[in-house]
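Shared chain: chain A. Partners: chain B in the first complex, chain C in the second.
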Partner chain A sequence: MSTTLTKPSRPTEPASPGSRPTRAKSSSWFTAQHKLAPYVFVSPFVIMFSIFGIYPIIKSIMLAFYATNGPKSQVYVGFSNFNFMFHHHDFQIAVRNTIIYTLCSVFLQLPCALGLAILLNQKWLKGHSFLRLAFYSPNLMGTVYVGILFQQLFSIHYGLVNRVLASIIPGFSTDFKWLGDPANVMPALVLTSLWLYVGYNMVYFLAGLQAVDKELYEAAEVDGANPWQRFWAVTAPSIKPIATFVLVTSTIGSFQFFDLPYIMLGNGGGPNNAGLTIVMYLYQQGFITGDLGYASAVGWTLAIGVLAISLLQMKLTGSMKGND
Partner chain B sequence: MNLFPYGKAALSMFGLAVLSAGWISLHPAPQKKATLTYWTFSKDHYDAYQKLIPDFEAQHPGVHVDLEIVNNNALAARLQAAFLSDLDVPDMTELEIGTAGTMFRGPVKDIGFIDLKPRLEQSGLYDRYVQSRFSPYTSRGGIYGLPQDVHPVQLVYNKEIFAKYGIDPDKIQTWDDFIAAGKKVTIPGKQYMIELSDSTTGSGGLETIMLQRGGSYFDPAGKCIIDSDVMVKSMEFYVPLVAGPNKIGGTTGDFYGATWSKSVEDGYVASMICPDWRTLFVQRGPTKMAGKMGIMPLPAAVPGGIRTSTWGGTMLGITKRCKDPDIAWQFAQFLYTDKARLAKNFQQTNILPPLKEAWSNPAFSAPNPYYGGAPLGAIYAKYAPSVPAQYTAPTIDTAKAKLGEALIDCVKYYNDSGDKGFDDFVRAKLKEKADDVRAFQARNPY
Partner chain C sequence: MSVQTVNTPPTASPIGRRASESMGKLIASLILIVAGVIALTPIVWLLAKTVQNKDDILSCLYFAPISHWTTENYQHLFVKTDFGHVLLNSIFVTDVTVITQLFFASLAGFGLAKYEFKGKKLVMGVMLATMMLPGQVTMAPLYDMLYHMHMVDRFQGLIIPSAVTVFGIFLFRQSILQVPDELLQAARIDGCSEFRIYWDIVMPISRPMIGAFCLMAFMGSWNNFLWPQILMHHDYYFTLPIALNQFNGMYSTAEGSMGILLAGTMLSVLPVMVLFVFLQKEFVAGLTAGAVKG
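Here is the complex of A and B:
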């Protein structure tokens, strides 16, 4: 590629008198190509992104200030959408549920993923490849299948989870309602997503662990560090960039939690909205009620919230300072 | 290569792009030749109509009906989005009763369906139908859907369990009688007298009971009335059925499917609220129960009260983008008003049509072996005229969700505190939820 890009400089070389006009023409063609080529190559993306990315973003900002009945009927309502949203009990429940789910993701899912990665990184462990595949494989299934599967597992009286628990815990009733009792809905969702995503995050941590310089461990051992000290002094700082990445992407993903509760609980968000997340609330308002304006207000609030939390996480973990 | 100096890879990509664009432009999507496109969400409806369409096409040369089956949730979402955005929609579509109201949001001019009221009145169909069935498809004076069904409910029960506990279904007249019998049958965690949910209002639970007692989410003008006296009384009646020490209702959470079938076969639930359409689900699901299930009227709220209610429903709407509304109306009448075809449809679906004159066809009196030879059609037809009206509004989803929340809170309160202060709690809770719905309604600037 580099050789072809230097071709336009060739017309400066001496040329036979008879070929001069052709070369000049060719030269201007190449020059024009060079000027235009980058724009031509990026134009498909720019055009598509403008139509399907930038335009909807701008439009949704405007829509957030309208009450709509689809694109046909719009009435300007100022900040009324935001005002209603912040005072609406269901939105508050959705925010609370989403935060609880996110905290569970961060403080339960990620430590489990890291623990599995550390386990799989041990030399003494047999069957690394099989275990790695086994832990990762739930992620290969579609979320819809996982939702349907766990809906059955958690079902009352006949569900496998209740049957197993009843067989090992004396007095445990098979009528225990995982998805029918508001108190148990979030634990059921957290357990399902733990099964689904722990292997996915484990792969990132494992990659980070395998990249840690072995000599650092040897040096720490020589200095008399025990395994716990080696983890905090060597492993943790070495995998910090990956851990930050996993933390930020998990947080963003958790705030966008939609598919599992939608499949397992239906449109409504479960009993007493116990599984209602912000994105489910947005979906209800935008696509069931049909108020795209209000849904846009919810969407922008979510986007700004996620951006703020991600920036905060990156600041707290020192990731904004760069690679130093 | 001088004319394309960016390497073979870029040239290959460019070539592929040109080739694929050329192929696509030479193979445009085939244009649909259908005169009418018809969406349904029900496999049973789809199968039945497939057999009927050739007759209609033969009677109307040149007319071709394209029947499509679309998942219920997808159908509602796609239709809603298409209506709101002025995009392509089918000429005719069926809609489930729970989602119909959401299509009537916004100004009347924006409703995507044709008002059928003039055609119904002109053809005399309005008077020949069970009129309460128009209520869920009525908005601001217009009727936007032709009801496909009546869906009266009965109780389907396990004959063996009833016999074992000496329960004579003929002697059960009121809910009080039923509850007394239920206390004998119910063994908490193992066997319940009736399949009822303590967390959802649909699926034959609170909603069916409240309709029987004259309750509703909305009044005919679309005002939310879930905190009315009738609704308070309905809630106070329903909650002790599914909560507290004397509960007689339980559920596995599903009202069809493998788990539910097993619960029926195992006798986990001894009876269930059963509209006509569900009798087919029962026949197909717990197949081991063939001949062992009986059918009886719903117990009355008070002596002499109505012995039925309703659960579910389907409307047929003709969209405003329909190319030929007259042909669409003829097809609607062909499906929904021809007595012989309705009888044939009943034989395939167990669904009683709302056209009263059709019920005299012998097919509706034919014995059904699964239910011990009971004439299902005649039984449901007897109670169909009493089916209560259920009024709707665009906020029907919100109202259903809010009533569900109230139910859960009331169940919790009753489990914790019993009768003490229950009336005040129910009233306050229903008022709170009704105000939520009203707040949503108040946001509508149209």
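Here is the complex of A and C:
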């Protein structure tokens, strides 16, 4: 059946003018390149990604069960990497510090970022784009340079922070130790990262606020809702997807906190390890002590912890949505 | 009389509301101004300190008198340290990284956006799954691998593993999805090869995304600290962040020689700031593109 159907169309081809044969040749090339194109476009990425993305992930699972001495020697040790980790005092301190930092950054940074975004979203406001640029500018600096700068700002006697505080608060001494006293290390780190990331998160909240349907506000206003009621009835549900995104990404980012404490406190993690984070611990163990296997075990512990917490966050915010 | 008493309450409340409204505006403006000052103060302080001599750095709170301003910190930076060499390293590594990332991300993003092919779902699924993993998981095995490939203490070790960015591919896929299929089909009928469609149609249309992506890739590479710190042992291969970290230890604060350190910091952050001022709109669009869609 099909052969008889296609047959009538074939004779017409040679019957048409002489340019036909060359076109037939080029069109077979044409269809071939069309069919091959996606493979050609995607395969460079797939090859590179397999070598430098997927293979290391698989390798790291294996490495987590080995003790290594740099890249040269490996010994299978089973679960003892994990066993040692959970009983290592430094690791416990690192986990505690990281959790404290994450809680502070989520509960301090995100409300501040949302507040600034709401204020910036007011129609009557002038100097809109300048303020947005000002708030965002810290994020352009890069964590290393922020670390260097704030180490100077927090330094005793001539540091700007102490001198300003001393002039505002009577009795505040300029030799207040921010980075030299274990009790003040975490507040200094939290304040620095507040300065650094507030504008970054604000940009996301602002994008969410600008997408809120204006008619909903007008309707709420007609119904006599005050600003507070309008926020909870209109703004909060509308920006929830983007707020969840910001919450999850900033939690993940906080768990990977490394650059700032490393720059500001040095390799050791500050006095009494007060600024030691999980990634700093991983760096110390893997690349200073040289046990890449142990570092992989720490890395996977971090990954599983982060994954569990972000799934929990998504579930919590998702279930709240279901109750609405 | 009775008319007046009826009329007064409604007029009084809008006036009261207007007063509290303008009070609210005043407070909001004050908060924004204070926050803006706090946001900008450290950066301006940095700039102010780089043009001060050793004595002023320790004694001045903020700006020194303009007659005291000096460029000696910047001169010392280039004469006494190998900042110039490190700067060239960073420019080289960042440029090559941005170009290779742009090429891989846009090409694969186009392939994943506009074609159906075998294994597409698998590739996308694996990409998504790996995005969930923090990068620190693969640091140890990647170092191990690069050691055996003789890429430790080489620029290749920085450039090649970072050539493919899953995030960048998703960004380009998102923006290329919006290119109408009819346009590509019309080009095909005119005899355009698939690569020419990518090069002459898709890339020019994606210009705003390219701007945003390049700025993000530039920032990521220029400011990258942890991986170069792990990979580079020899200071010939240092990039700006690790060199500045080293300066941070060398130029102790007490002697006031931190002017050199701060001048280096200033010059390191300047390129990103300048780029951002020109690309601000594209950048914010690119930043939020992933969030709003996802």
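The rule is short, and it goes like this: the second predicted complex is superposed on the first by the 282 of 324 C-alpha atoms of A that agree within 3 Å, B and C clash if a C-alpha of one lies under 4 Å from a C-alpha of the other, contacts with A are read in each partner's own complex, and residues count from 1 in each chain.
Just so it is clear, a residue touches a chain if its C-beta (ideal position, glycine included) is under 8 Å from a C-beta of that chain, and two chains touch if they have at least 3 such contacts.
What you see is a predicted model; the values in this text were computed from it and never measured.
In the superposed three-chain model, the partner touching more residues of chain A is C, compared with the other of chain B and chain C.
Judged by the touch definition given at the top, the superposed model places A:236 against neither chain B nor chain C.
In the superposition on chain A, contact of A:73 is made with chain B only, not with chain C. Residue contacts after overlaying the shared chain place A:33 against chain B and chain C alike.
With both structures placed on the common chain, the touch criterion links A:273 to chain B but leaves chain C unconnected.
Once chain A of one complex is fitted onto chain A of the other, the partner contacts of A:288 are limited to chain B, with no touch recorded for chain C.
Once the two complexes are overlaid on the shared chain, A:173 sits against chain B while remaining clear of chain C. In the superposition on chain A, A:204 makes contact with chain C only, while chain B stays out of contact range. Of the two partner chains placed by superposition, only chain C is touched by A:59; chain B is not. When the shared chain is aligned, chain C comes close enough to touch A:144, but chain B does not. When the two complexes are laid over each other on chain A, chain A has residues 30, 33, 37, 70-71, 152, 155, 157-158, 287, 292 in contact with both chain B and chain C.
Here chain B touches chain A in the complex through residues 2, 5-7, 73, 76-77, 80-81, 83-86, 102, 105-107, 110, 188-189, 197-200, 250-254, 259, 262-263, 268, 394-395, 397-398, 400-401, 404-405, 408-409, 436, 439-440, 443-446, going by the rule given at the top.
Residues 25, 28-29, 31-32, 35-36, 38-43, 45-46, 49, 57-59, 61-62, 104-105, 107-108, 110-112, 115-117, 120, 123, 126-127, 130, 132-145, 147-148, 160-161, 163-164, 166, 169, 188, 191, 193-195, 198, 219, 222-223, 225-226, 230, 241, 244-245, 248-249, 253, 258, 261-262, 265, 268-269, 272-273, 276-277, 280, 284, 287-288, 291-292, 294 of chain C are the ones that touch chain A when the two sit in their complex. Of all residues in chain A, those touching chain C in their complex are 30, 33-34, 37-42, 44-46, 48-49, 52-57, 59-60, 63, 68, 70-71, 115-116, 119-120, 122, 124-125, 129, 131, 133-135, 137-138, 140-145, 148-153, 155, 157-158, 160, 163-164, 195, 198-199, 203-204, 207-208, 211, 242, 245-246, 252, 255-256, 258-259, 262-263, 266, 279, 282-283, 286-287, 292-293, 295-296, 299-300, 302-303, 306-307, 310. By the touch criterion given at the top, residues 1, 4-5, 7, 26, 30, 33, 37, 67, 69-73, 75, 77, 80, 84, 88-90, 152, 155-159, 173-175, 177, 179-182, 267-269, 271-273, 284, 287-292, 294 of chain A touch chain B in their complex.
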